[in-house]
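Following are the structures in question.
Each of the next two complexes has chain A plus one more chain, namely chain B in the first and chain C in the second.
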Partner chain A sequence: MRDWAILAAGVTLFALLPLLGGNYALRLGTIFAMYAVLALSWNIIGGLAGYPSFATAAFFGLGAYASAILAGKSVPMLLAWAAAGIVAATFAVVIGLAILHLKGHYFAIASLVLAEVLRELTNSFADLTGGGMGLNLPVLRWTVGQEAQFFFFAMLVLVALTMIAVLLLRRSTLGFALRCIQQNEDAAVMLGIGARGCKAVAFMLSAVFVGIAGAIYASWVHYIEPGDVFDVLYSVKPLVMVLIGGIGTLFGPVIGAAVFLLLEEAVWRSFLTIHAAVLGGLIVLLVLFLPDGMLGSRKARLVWRG
Partner chain B sequence: MGALIELDGIVRAFGGLRALDGVSLSIAEGEIVALIGPNGAGKTTLVNVVTGVHQANAGSVRFRGEDITRLSPDRIARHGIGRTFQIVQPFPHMSVAENIAAGARFAGGASSLAEAQARARALAAEVGLGDAVDRRAETLTLAKRKRLELAKGLAMRPRLLLLDEVNAGLNASEIDEALTLIRAIAARGITIVVIEHLMKVVLAVATRIVVLHQGRVIADGAPDVVVRDRAVHEAYLGQRYAASLGKVS
Partner chain C sequence: MIYLQVLANGVVLGGLYACIAVGFSLVWGVLNVINLLHGSFIVLGAYVAFFSYHLLGLHPFLSAPLAGMLLFVLGFGLQGAIINRVVHAPVLMTLTLTFGLDLLINNAMLVAFKADYRKIVLEPPLGSIALGEVILPLDRVAVMVLALLLTLLLYQLLRLSRLGRAIVAMRMDHDAARLMGINVMRMSAVTFGIGAFMAGAAGSLLSIIYPISPLNSTLFLGKAFVICVLGGLGSVPGAMAGGVVLGLIESFSALWLGPEYAVTVSFVLLIVILAVRPTGLLGKRGFE
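Then we have the complex of A and B:
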């Protein structure tokens, strides 16, 4: 009950942002919500099930391209977003069944190449995807302010949906099964847990909202190209956010997303030429001195099995 | 009474080593079978084949008349075969109650997490973990972890429970308590296979002894008959044990 109250209060407060700030604040708010979706989603497969996934960029890019291609065929925007979620989820189930028997770093590497493969495919099928030239999305006939507000609320709704899904999952039998798998998969299977199916569903859940986030992002920026939406940073950043916030915790990924975004903005402004290096150094320090994250305890600490 | 489980010509090889070399065995409901043999005889491999962890290279396993040879471990568990591990395998960061509840929910037929938790608490009390039910499993002593393994196995409401060295590493009084527990489990009508090195335990609980050596069954029968078997002495028990029994048949 307390978690639901925190969620409701958080979303309500955040929804007031357009009253307080201008378009810059809205842009940051939209990115924050997007990061939170990515981090919360990663936490399902990485934190709850204990499988260190680097597939987030693949789901994100796939969602972005699915909706962009559909938008080019005059499919209504909201429908295209939903379809993007379904495409990412289907992709995750199919790939998940193929690679989720791998553990630890083997799984990490297999998931890491997914985005690379999709990027190459996107480059190759230029007729459909525009190849390296990228794709333009329909421009909405709105003012800059209207557009900023619309995409802010779209991402806000998406992060709220993600959060609700995570809350329901944690209380469910599936969530319990995933925790068992995370702690000792062999023992879990011996107790009758169908680990293969559970992990595939977890992978799917970690993909569906990311796919939609990619779709919203594509509509928001109006133009996507393979190097942008299949960027490996979309795989790495959520993991870092979750590590900052507290792995396996409920609200940790959201806190981590906020902290990460603030650091990213502050560092980028102050160290324009070497911001990536400074940000990397800060992250190393955070992970070194807060190994369990800001909300984490030793209890929830991840055990990655090699 | 018909056979609960029937193994027929099980072969399992690891590279050039035939860990199981044509094992056939039939166990009736209600038996307490002790599986003994020297290290490397294939005892744990046999349990792994029955529970689906390893696939047999040849042969079949039938459980309650159904061929389960190719089923996945989780489905075999849901069919009613529970096991404990030689090296205890708790979910370290979960409470004792949650550990047991997992068995009740996923294989024991509990229809909700709440029901599984309620069952888990009752079982914890039964195996003597009543005061530790909310503690994290990683904080338990070895003896209590072994009990937790038993409780997890029981929570699955199995027809057949395979106990892999549940007494290894325990002291004399802990072993006595474990023996009482094994008898109590048998009294519920659960068929039990114990893998055991301690002959004291074997003789105290088993209604039948099966001796494995180099992947084959070299003796199978009532305890008093098997312990006097010459082949068993040569392979496992040793001549000194034979001498202590007096006459060898």
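Then we have the complex of A and C:
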């Protein structure tokens, strides 16, 4: 009950942002909501089920391209977004059934390579995807302010949906099964948990909202290209956010996304040429000195380590 | 016979690839750390060769040991001071840590050397030889021979020296190795250093073939991934087999599908092999 109240309060407060700030604040708010979606989604497969996934960029780019291609064929925007979610989810189930039996590093590498493969394929099939030239999306006939507000609220609705899914998942049998798998998969299988199916569903849940986020992002920026939306950083940033907030915690990913965004903005502003190094340094410090994150407890980490 | 030519190209390429991957495979197999820095280490080695050639007039073949030594020091320091602290943490932590370190080092290289592609042009060029109808560029062949020699040296080091046996012992069982009096933390740093040595030396040799730029590091890293998965993790023969197989696959897929698909094919193959046969083609583990 308390968690639902926090969620409702958070979303309401955040929805007031357009009253307070200008377009820059809205832009930051939109990115924050997008990051929160990515981090919450990663936490389902990476935190809850304990599988170190680097597939976020693959889902994000897939969603972006699916909706951009549909939008180019004059499919209505909301329908294209929904289709993007379905495409990403289907992809996740199919790939998940193939690679989720891998453990540790092997799973990490297989998931990391997904985005690379998709990027190369996108580059190769230029007829459909525009190749390295990228794709332009239809321009909306709105004012700048209207557009900023629209995409802000779109991302806000998406992050609320993601959060609701996570809250429902926590209390469900599936969530319980995933926690068992994370702690000891062999024991979970012995107890009759269908680990294969559970993991595939978790992977799907971690893909669907990311796919839609990619679609909204594509409509928002009007132009996508393979190197942009399949960037490996989309796989790594959510993970860093979750590490900041506390792995496997409920609201940790959201807090992590906010902290990360603030750091990122500050770094971009003051150290343009070395922003990657600053991000790298942040990651190193985080892993060495704050491995449990801000909301994580030491006890939780011991359980997670098995 | 175009097939013979493509076959020869593939084998030569495979020799180079083996050298790229063997240090990566060693670190992954012994320390259970996926070293995302490996690509940047190779590029650093190439820069050592570039500057020694242009400032000191040192031939890249001679600067390879120098690059290796410098990278050994860097690797030893990184593992000893930073990575050792989390080496027993879950996979995610070490992987994220090396990613962060790679961002740092790669950005430092971009600032120091710029993103421009540089190249070492040997004076005089080595030319090529013809064996029947097969034409082999001599620079590639020389690099392949030296790369294989280095790999063989590493193999013998692991098999015959006390140091090598200690590394193999660690690979089999960290705790038992510690009970036998091996300083596991120090040896971890040495192992990581040797991995970096191989990367630096490989980068130095490759500098006469590939253009040099910090942007190339992910290319090398991707190859190391595929080779390790193809050949099976953590053995020198595995890395060599994986390298040759990848070289052949890239050459033939470039012939049949076009060169732009070479990377896609190798990555798709990586996922398929992982899904079907995660122990690799040789299916053997270890540095025994």
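Methods note: the second predicted complex is superposed on the first by the 300 of 306 C-alpha atoms of A that agree within 3 Å, B and C clash if a C-alpha of one lies under 4 Å from a C-alpha of the other, contacts with A are read in each partner's own complex, and residues count from 1 in each chain.
Keep this in mind: a contact is a pair of C-beta atoms (placed from the backbone, for glycine too) under 8 Å apart; a residue touches a chain by one contact, two chains touch by 3 or more.
If you're wondering where the values come from, they're calculated on a predicted model, not measured in any experiment.
Contacts of A:Val236 after superposition on the shared chain: chain C is touched, whereas chain B is not. For chain A, the partner with contacts to more residues, out of chain B and chain C, is C. After overlaying the two complexes on the shared chain, residue contacts for A:Ala98 are found with chain C alone; chain B is out of touch. In the superposed pair of complexes, A:Phe176 makes contact with chain B only, with no contact to chain C. Touch criterion met: A:Asp186 reaches chain B, while chain C stays clear of it. Touch criterion met: A:Ala277 reaches chain C, while chain B stays clear of it.
Of the two partner chains placed around the shared chain by superposition, neither chain B nor chain C is touched by A:Asp127.
With both structures placed on the common chain, the touch criterion links A:Leu114 to chain C but leaves chain B unconnected. Shared interface residues of chain A (contacting chain B in one complex, chain C in the other): none.
The residues of chain A lying in touch with chain B in their complex are 173, 176-177, 179-180, 183-184, 186-196, 299-301.
Per the touch definition, chain B reaches chain A in the complex via residues 51, 53, 72-75, 77-78, 82-83, 85, 89-94, 98, 101-103, 105-108, 112-113, 136, 152, 156. Listed in rising order, the residues of chain C touching chain A in the complex are 28, 32, 34, 82, 85-86, 89-93, 95-97, 99-108, 110-111, 218, 222, 225, 229, 260-261, 263-264, 267-268, 270-271, 274-275, 278. Across the complex, chain A meets chain C through its residues 46, 52, 95, 98-99, 101-102, 104-106, 108-110, 112-114, 116-117, 120-121, 123-124, 232, 236, 239-240, 243, 273-277, 279-284, 286-288, 291, 304-305.
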